[in-house]
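As written, the chain order gives the labels A, B, C, D and E, with residue 1 at the start of each chain.
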Amino acid sequence: MSTVEDKKQTAQDWEPNIVGFACNWCTYAGADLAGLSRMQYPPNVKLIRVPCSGRTNPQFVLRAFQKGADAVLVAGCHPGDCHYSTGNYFTRRRYLLMQRLLEYMGIDPRRFQARWISGSEAPKFRDVVTQMSEEVKALGPNKKLREEL
Amino acid sequence: MVKDNATPENLAKATTEEIKRINPLIPMKAKVTKIIEETPDVKTFYISKEENGQMVVPFHTAPGQLAMLSLPGVGEAMFSATDAPDHLQLSIKKVGTLTDELHEIVPGQTVGIRGPYGNGFPMDQIKGKNVLFIAGGIGLAPVRTAVRYCVDHRDDFAKLHLVYGSRSPADLVFQYDLFETWPAVRDFQVSVTVDRGDDNWKGNVGFVPAFLEELKPNPDNTVCIICGPPIMIKFTLGILDKLGFTAENVITTLEMRMKCGIGKCGRCNIGSCYICLDGPVFTLAEMKKMPNEY
Amino acid sequence: MKRIGVFVCHCGTNIANTVHCDQVAEVAKDFPGVVYSCDYKYMCAEPGQQLIQDAVREHNLDGYVVAACSPRMHEPTFRKCAERAGLNPYMIEQVNIREQCSWVHADKEKGTEKSIDLLRMAVAKARKNEPLSSSTIPVTKRALVIGAGIAGIQTAIDIADNGFQVTLLDREHSIGGRMAQVDKTFPTLDCSACILTPKMVEAAQHPNIEMVTYAEVTAVDGFVGNFDVTIRKKARYVDFDKCTGCGACQEKCPKKVSSEFEMGLGPRKAIYVPFPQAVPNKPVIDAEHCRYLLDGKCGVCKKICPTEAVDYEQKDEVIVERYGSIVVATGFDQFDISKYEEYGAGRYPDVITGLHLERLMNASGPTAGKIKRPSDGKVPEKIVFIKCVGSRDEAKGRPYCSKACCMYVAKHATLIKEKMPQSKSYIFYMDVRTGGKSYEEFYKRTQEQYDGQYIRGRVSKIFQVGDKLIVRGEDSLIGRPVEIEADLVVLAAGMEPRADAVALARTLGISYDQHGWYTEAHPKLQPIETHTAGIYLAGVCQGPKDIPESVAQASAAAVKATGLLSKGELTSEAMIAECNEAVCAGCGLCISVCPYKAIEKKKVSERVHGQMKERVVAVVNPGLCQGCGACTVNCPSSAMNINGFTNEQILAEVDALCQR
Amino acid sequence: MKAFPKAKLQEVLKTLASKGTLYVPALVDETHRYYPYRADIQVSLEQNSAISPKEIFFPSTEKIYNFTAYGIDGDYEEILPDRTACVLFGVRSCDMQAILCMDDVFLTRGYIDEYYATRREGATIVALGCSKAGADCFCSSMGLNPVEHEGADAQLYDLGDYYGIQGRTEKGEKVVEALAVAGLLSESSAEVLVPEEFVLQVDSEGIAEKLQAMFEHSLWDQLWRKCINCGTCTYLCPTCHCFDISEKKKNQHCGVKIKCWDSCMFNEYAMMAGGHNPRPSKKEKVRQRFMHKLRYFPERYGKYQCTGCGRCIAKCPVNLEITDVINQVREAKVNG
Amino acid sequence: MNSLIKEMQALAQELLASGEVKGVFGWTKGSRWYLTPPLFIQKAEDAIKLHYDEFAINNLTSLLLDYRNSDDKIAIFVKGCDSRGILRLIQDKQVNPEKVLVIGLPCPGMVDKEAVKDQRHVHDLPLLRKCQECRYPNPVLADRTLGDVQVTKEPGVPIGITAERAIQKGVGSKGKERYQEVKEIEALSADEKYAFWQKQHEKCLRCYACRNICPACNCRECIFESDKKGWVNKAATTTDNAFFGITRAMHVAGRCVDCGECERVCPAGIPIMKINRKIMQDIDELFGTYDAGTDLEEAGPLNHFKLDDPEEFL
């Protein structure tokens, strides 16, 4: 187990660890479609499946940063196509506020992204993931809000 | 006084001088060697420490003393511990997150154990007297430590009598002791009752307080040791009072939230006493002097 | 610790190519809680599932994690496999190391590392899984159809034929809807009444159909399987049991009123039957125009009625009925052409709409089938049709195409030529849409055999000169302006949602788009359902369509409705919200964000310092909750949790991903 | 007595800082508490620190041991605070008395709290006499002499523009000697300034005994009404010693056990596993706080657990003042 | 001001004597001239203890939460900012309007008792910053009013017998600049912002005074109460304090009534209102100006949505 740990910390090949909250009906399906079409993208983003983007509690985002995530992505259906009809309207309002609050607290905006990615927008999923991975890799490990035990 | 052989007496008047300096908050690494399923929600765990190859008892406990058992990664809590030559026995009922996880471990599991804590039953003062044990449900675990002490030193005590009740026949703990070993002991009357019987239950059916009233134990020269759920203790104390038991002769254990176990963290206080240090065993007389906040 | 098994799938070479499955299975051995871990070529295949079931029995596992393809594909498969192995189906987790790992990362080392992280996440979640079961809700075996046009009638008949009780309700006092006003139908030109009235009669006589006309839905409570619908039956002032429908009262009634059915082209009386084939074919007194009801005079109809069926004392009646499912078939209104100032619509009497022409051509219409100009009653020579009026026009707020106008204009042109050989029809169009069966052939025939002259271009202005209407437009094919002196101008008015469509949507709790058309659950895959369970759509209320499509949708809606009723009881989702009542403060923040109105308040009594105290807490209705989780985030005290996606599980996943 | 001019305070602090970490009361972005000494730190000795020095020996959170759990085996590894010597400078009589109270709790009665003991034994306490009573101070009412406290290792006296210094213990002597070696000390016979009238005065005589019979007194029914049950008073109080033990996971296999401050004012403080809570509402919690300060602690350790530092009076959001409670107890009529 | 106090005492005495209410929340004279702490009385003869002046800062509304289970009717004196707290509790269904008798008072503008050095009179003390920025000096709801103050849902200038004194002291003078401090922080760089907030979260003792005084924090059992819920445990590490601070801000987002009590009661002096004001400013910009606790019918910005909300996540 610890061998994987040491290899990771050598400076130049450091890999960002990005946590993604993907809504089961759109973004997770979009990610599957990207897989079906064999699109290639960096392996840094790992998706946690949630029923709706509206299920993603801002406290999960804080928890991810606290436990060592270098960036967090919250993704769901475009407003209007939510499987639960109004779920992402509330997500939009809540994360418009949360995004500004995190920036206000000093978190680099590139480390927190909320995006609408529908079930058919596989290329968009790949682009968002690739862009985030490259940007965060350039930014380096996230030290802010991180728990040092 | 080396803390390892702490006995109730010298604990009470411990001073700072020759206390051997070990960190009391760090658990000792120990292993669960055996698990006995007493009832669907009570298990007895045999815990021993590995010392140069053999399994030895982590520390000895006097009757009525407690031990803090911790499961790495889950939490720790205080349980009454029964002393045995090469292990400690802890009987644990499933009530919370820690006890849930404990009920799922397998023999060989590493646990942390520290103690002994608490003043334990004043066995010396009750030498030579009749002893009436009253226990409800898992309350039999601490009482059993006193019973085993009396059985091991049978001649130091006069008549022994155990009144034990549980919810149903399936919930009776230590059935081997209840029905085999203890009845065979000289002049030891064992009366068992259950709140709700079932078809093949021959014994008495009813709550402990009512059962006690029927038995009408003789109060003179008799000390009573009682442990169980708060409601049972409340009603039973009333009956004991009616039967003529004096407050000095009734001994019980109090249950409070305990975190450190060494009288520092302030959680388990009733008035100026810390249950983990000055208790958990108190006589009814002492309890009457304490603020009514438990 | 819960005993968890781990099964890593090779998926042939799909995963094994870019992930060391054996290494993943090996590392998983010392994840906390894992007591058995192995990898195999095809987990989802029979031998794979057998391997899982044996492992569950042999190591008495409490749950297991399968690392394979997307859970969206095989989660049901592995849940059934768990059930066969004696486990609760919700004790398992599936993690995606194919579409989201092996197929998208070529580097085998990195792919393996990511698979280990994803597997660690899934095991962390699986350890906190709890057995779940879905609950059942009784269903009232009765359906309600709102709106009795062709769609409503067809739905009601199909439901009734399936052996279920159904109430067919309409606001008008006769069923039939828009189609009753139509003369002939395209492309077969068979008479609309001939194909509609038999269905109306069949609906009237069907033992399972209860017809409630001249009534409106005012409130809908309850939820799928148990809708409590409040219906207001407007007073008819005629006792239908006594009335024989002899029509004497209609003749004698002195009050003439412009008939809505005849689109204002003909009169009707204050006591009237809208059209001869009306069902029920008994008159109704129009309270706004009847002299007796307004100011106590007249009362002729009561006097001459042979069976004393007239009863001025009748009052509106409000009833509440319980239904298992509801089908909405409320149809459409025709676009209000007066919005087109430039065409003089509403100012010149001879500028009419398609429906007006239908009434003029109809034998039971105001002109007994002779096409006469509404202004002076002359037979028109030159007739100009203008298409896309109130359709495909952003300026008027109607960007959509109303689908049926192209065909009914072609039909009109054909019929006019047939009735008045000497007449000439000019049709201004942008496009001609003939998307149905034998529609294109019908359109070709109109051009070739019925001399319909199609002019591609828009009409800019119409103005009256003498008794002629000058239609000025341009012919974009030849690029020259065109001017026609027409006797009659027919505007192909488009379809528009009913004026009160939005109000009814709010009553029912279904969603609607920005125009007012009702929104289907999914445009392609669920055009009949709505987001509100148990409520279905049929006909134009869901969007412009022609008669064959409406009938097809009607039968589909009937199947959906009866599908629900036939089960007798409804099994709810298992992964739904649950409220921890000890923590809930009854603040109601969760109720405001629930899309399905699945959360209600209930009183709870508990012992506080010796007395029993009442307080309000939230409770989730398992029949309605779909488990979206909006309530869990709006609840500050985390009293609301979603089984299967609990806060604790997601936190465990986040910790497993971040703390490696 | 030996003394050094107040002007030379910085130099005194520099010399002491060379011995080991020196904690001084300082104002760092409007927070007045004890910080490790740095040359540019703004030392503030006019009035007592807002946050008490208890956090030096009994920090608000500290790690006590690491644990690992791999399947069925696991291990524990002790984490002890570093043993380097430190000097606690500028401790007033009320805080010195508070430290003695903490010593009774953590160092006596059968067990020694290793974490507290390690820090406490390595520390040299240089007390500072007060020349002016603070707005909320009432240490004189609790039997303390603001000018000096015999429990300190070394005592500073306020002589106007000099500070007199006296070593009391062997560690204290070393401090005085270090300053002498640095040539900072000179002889001064100036008068020790004594604070005049205390704004807050209260007669705390016999309160502990009277409270013996006042557990059910009606006083407690009114006292809690304005309290919001926050932890401010307990976290600022130099003698409150309650702590909680919880844990934090580093990853799936290992974590660390943490000892952190706890307050009897919080709801789940006395909550037992089965859900029974002997102190369910605010009344019991507020009673417990004052009973512990003024009766239980004296019963167990023979001295009041309130040293009159006034911090809880200063920061209590609703001004629930312990002096007012003492007055109410004094006036309360107790039958029999 | 004395006439107002007399009116208050008389009203409280009459209410208690008649048994219409079982208790009255108000303020009383403290142990020092600059202290006017909260007071709860149940007997009519205690009404004489009531007092009201520029030091009666406490917002008493969160104390009503102790009467959730009781059927007694309680009267409570409220200033402008306090009344918004009442409306918050009613909207969150934690206080039953029939069980509370709200008595509106004119507000003279509260002064900063921390600034007391050796002044002897209230006129020498500066007005609290939150009162300079106050936009709701008059109660937004009240069953009774004293000192001829008027109930109004709109922001405005102080009304009532203390109005002229309040305006002269500057109440509401800085109403327009209430987002000034927020703008200053927004202007900093990301690292400066983080350093600033890191210092604040380091100071936090986790004594929960800010949570217990806040009328918007009215849960029966807070997620920070016990670590059984697994969010964050009691240890006051900097990252846990940051988690607590940011989470509480999001919980009261769109519900905070801008009464400023959390900042006043914080023993570590953390500028908590700078976080709440930031969220208020964002809500005003994104979803249209909204003042929580002023209109009983209007749902909070996070409890409804508009189809054409600003879109930034495409």
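Simple rule for what comes next: a residue touches a chain if its C-beta (ideal position, glycine included) is under 8 Å from a C-beta of that chain, and two chains touch if they have at least 3 such contacts.
For clarity, every value in this text was computed on a predicted model and none was experimentally measured.
Q: Can you name the chains that touch chain A as well as chain E?
A: In this structure, the chains that contact chain E and also chain A are C, D.
Q: Where centres are the averaged C-alpha coordinates, which chain has the largest centre distance to chain D?
A: Ranked by distance of C-alpha centres from chain D, the top chain is C.
Q: Counting C-beta pairs in contact, which comes out ahead: A-D or D-E?
A: Greater number of contacting C-beta pairs: D-E.
Q: From the centre of chain E, which other chain's Cα mean sits the farthest off?
A: Result for the farthest chain: B.
Q: Taking the mean of the CA coordinates per chain, how far is chain C from chain E in Å?
A: Going by mean C-alpha positions, chain C sits 48 Å from chain E.
Q: Taking each chain's centre as its mean C-alpha position, how far apart are chain B and chain C in Å?
A: Averaging C-alpha atoms per chain gives centres 68 Å apart.
Q: Taking the mean of the C-alpha atoms as each chain's centre, how many Å separate chain B from chain E?
A: The computed centroid separation for chain B versus chain E comes out at 51 Å.
Q: Based only on mean CA positions, could you tell me how far chain A sits from chain C in angstrom?
A: For chain A versus chain C, the centre distance works out to 36 Å.
Q: Could you say which residues in chain B touch two or more other chains, in rising order?
A: 73, 105
Q: Indicate the residues of chain A shared as contacts by at least two other chains.
A: Within chain A, the residues that touch at least two other chains are 1, 58, 63, 86, 90, 94, 147.
Q: Listing for chain E: what residues touch at least two other chains?
A: In chain E, 221, 231, 237, 302, 307 touch at least two other chains.
Q: So in the complex, the part of chain D that touches chain C is made up of which residues?
A: Residues in contact with chain C: 69-71, 249-253, 280-281.
Q: Show which residues of chain C lie in contact with chain D when the two form their complex.
A: For this pair, the touching residues of chain C are 30-32, 120, 124, 609, 655-656, 659-660.
Q: Okay, in this complex, where on chain E does chain C touch?
A: 68-69, 92-94, 217-223, 229-231, 251, 299, 302-304, 307
Q: What part of chain B is in contact with chain D in the complex they form?
A: Chain B residues touching chain D: 3, 6, 11, 14-16, 19, 21-27, 29, 72-73, 75-77, 95-96, 99, 105-106, 108-110, 112, 230, 255-257, 259-260, 262-267, 269-272, 277, 291-294.
Q: Going by the contact rule at the top, pick out the chain C residues touching chain A in the complex.
A: 27, 30, 70-73, 96, 98-101, 103-107, 110-111, 113-114, 116-118, 121, 511, 531, 575, 593, 595-596, 626-630, 632-634, 642, 645, 647, 650-651, 653-655, 657-660
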